[in-house]
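First chain A sits with chain B, and in the next complex the same chain sits with chain C.
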Partner chain A sequence: MSASSGPADLARTWRLPPPWALLAAILLIICAEVGGASMARFKLEIARWARSLMLARPDVHGLVGVRDVDERILDEALVKVDAGLRLFHLHAEGMGLVIIVTTTVAATLVASGRARTALIVLFTVGGAGYPLGYLLWSGLIPVVGLTRAKVIAEWLIWIPFGGTTIVALWWLAGAVALRLRRP
Partner chain B sequence: MSGAGIALAIALAGLPEAAGAHHLGTYTPRDNEISANFKQLKFSMEARKFDVALRLFEDGAVRREMREQAARLPAGLEAATRAGLSASDAQEVERALMVFLAALARNLTLEAQQQVGAPGVGPEARMAAGRLFLEAVWRYYNLIDYAASRRAPKISVAVRLAFDDAEGLAKGPASPVAAAPASGTKAAVTPVPVDPVKLREPLQRIAQALGELIEVSSPRTRRES
Partner chain C sequence: MSRPPLIVVLLAVVILALGETGGASISQLRPAIERYAAARIAANRDAHGLSGSAEYDDEVRERSTYTAEAGLSFFHTHAEGMGLVLFFASTLVASVVPGRPLRALLYVLLSLGALFPLGYLAYGIAVLELGRESGVELAERWVLSPLGLSAMAGLVGLAVALLGAMRRGRESVAG
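Showing the complex of A and B:
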């Protein structure tokens, strides 16, 4: 795959990443904004939905049927559901920018075509997938409880996609370091 | 294997921990309606704004709860609180509110005793329930601990000691499993499972001490003493 060049004067400095990588980043940022807006707009509805799911699963959440005890459990879970949505909004915005920056750096500074393509794929897939873990975590809390929701989100999304991004970052750092060492 | 290969292997081995180490926020338990209303009343009285306190009482969760739980609370608490607020008598209001919260805490303790010994429920679930009940009991008792320690210091100490015992059992005694004295690091500890039924004894002591606090603070007992 060949990275597309920018205008003539920019071609000597920066090269644009492939359109699909940019599209993924922009879609992610749009999802972040829609998620943030929905979170604010439907805050009550989301809380009611989560609460009703939790009340229907007392064993999962350790509810004991005493208001003074159960309210504390429900409150914690609702706070975490909300936190998950906020973290999705935050990370989706951030990772969208990370994809744009890292794929631009890779497209410009990595000389090998295969390595460049692999890095751009890793940054795009890892960056676009990682924030979805927070959405999954948030959605799973009312159904499977706080602890299990975290474990599922970690192993299904955060570790594979976050790991992909971390590997790509180290790889890119190494590639850039090698390039700087060249005479 | 080359040096780069070894470095990559080490980096990949540590990857799950690095990628999974997310900050997911911390949760600080909030006041419920009753504890929040209690604090409003307390701060209003401290500012000598008894008219504000009376309004907060009439519209607040404390009075609502006093009515809803009337059958399980000492009689006359609502009237005593209102009379104290109307007469700007902070001591009387403090006494009535202390009795109210002590009664709520005692009722929770009695419920906890039943649930930690409930048949058909696994020991882990019963212990988890025990911990949650202790948290709820402490939330109420903590609000009146100062007043209780001034009015009935021995009872206050008894509640605290029983509470410490119950919390110790609920957390489980820690046993060192990987001490490493040579390296100077702390020993790793794992909680040892405790039979939840053992929690009943300190819970019983908490309930008894709270019952005594209610008894000695009731108007009839005070008149006789």
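Showing the complex of A and C:
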């Protein structure tokens, strides 16, 4: 690979994307690794913390004071809290790599300087932001309940940041396809 | 690092884009997907062995819908993964494999292998159209296995080429 500076040429080697895009990808992968390790190390503490928050908000979670009913509700919410952390770990690992790959392709194959910069920004922001939605979802479940937590994470993070990445990916696919048609 | 041919890069980006779009669709269109699945199961009632007994039929419908949704979910995760695999593996092929014919062969094998996730789309559709067992068997035998084998063959070929490059490197240092 070579460092990216000027406009993309027809070189047969990859150009590196800007350092800030690579840094964002590496930081995201580090967060994923730390998140995965913390999930395992602090599983009990996280469950206790979530449980205490839920018990302090019986109305939010529909707790009725009957142990058999409440335990089922608490268990379901705790499973979702854990799932949110797992999905953060998985998506942050994956999106870190997706940022590296897509920004490399954009840096190398997108001829227009403005389009190249826009794509690199979209991939970095979308890719780095999206996995945080799972952390937010997980953290909000004990506070606002399952349904509201999902709606908030969806509208604040998943739809805007995920949408950004999807739009950028199809834009990049179009740019590479156009490049294929050139003699 | 050398870059693979544009067509291979395009395929890697398209597979990633399909994976992302598939993931978003699963989340946003879940009720519509469930309705579609229920309609297809009802239209193929013999294939699913629906008996007319509400309790039994509900269980069959639930299992088939779950399997079809699992196919979509596997499509999302495998497309994300295989897009990245194609990018990195084909970059290594472009950088270390000597000889155009061998490089071309590995590109073809890896590109076919990158289509593996589409097998899970076929899996989801086949389950609804042919019934759970028959659908899974058809997708595994005719789509997932050949494409998966192609990916494995491409990666083994790349590993052998890397070993060859390591040996050549040692010989040139010794010489």
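In this text, the second predicted complex is superposed on the first by the 172 of 183 C-alpha atoms of A that agree within 3 Å, B and C clash if a C-alpha of one lies under 4 Å from a C-alpha of the other, contacts with A are read in each partner's own complex, and residues count from 1 in each chain.
Definition applied: a residue touches a chain if its C-beta (ideal position, glycine included) is under 8 Å from a C-beta of that chain, and two chains touch if they have at least 3 such contacts.
Predicted, not measured: the structure shown is a model, and the values here were computed from it.
Of the two partner chains, neither chain B nor chain C is touched by A:Leu23. In the superposition on chain A, A:Leu178 contacts neither chain B nor chain C. Looking at the shared chain after the overlay, A:Ala56 reaches neither chain B nor chain C.
In the superposition on chain A, contact of A:Ala40 is made with neither chain B nor chain C. In the superposition on chain A, A:Thr13 makes contact with chain C only, not with chain B.
In the superposition on chain A, A:Trp170 makes contact with both chain B and chain C. Residue contacts after overlaying the shared chain place A:Val66 against chain B, while chain C stays out of touching range.
When both complexes are overlaid on chain A, the residue A:Ala111 reaches neither chain B nor chain C. After overlaying the two complexes on the shared chain, residue contacts for A:Trp158 are found with chain B and with chain C alike.
Common to the chain B and chain C interfaces on chain A are residues 154, 158, 162-163, 166, 170.
For chain A in complex with chain C, the residues that touch the partner chain are 1, 11-14, 94, 97-98, 101-102, 105, 108-109, 154, 158, 162-163, 165-166, 169-170, 172-173, 176-177, 179-180. Put simply, chain C touches chain A in their complex at residues 1-3, 6-7, 9-10, 12-14, 16-17, 20-21, 23-24, 27, 80-81, 83-84, 87-88, 91, 94.
Residues 59, 62, 64, 66, 68-69, 71-73, 75-76, 79-80, 83-84, 87, 137, 150, 154, 158-160, 162-163, 166-167, 170 of chain A are the ones that touch chain B when the two sit in their complex.
The residues of chain B lying in touch with chain A in their complex are 11-12, 15-16, 18-20, 22, 24-25, 27, 29-30, 32, 104, 108, 111, 115, 125, 128-129, 132-133, 135-136, 139-140.
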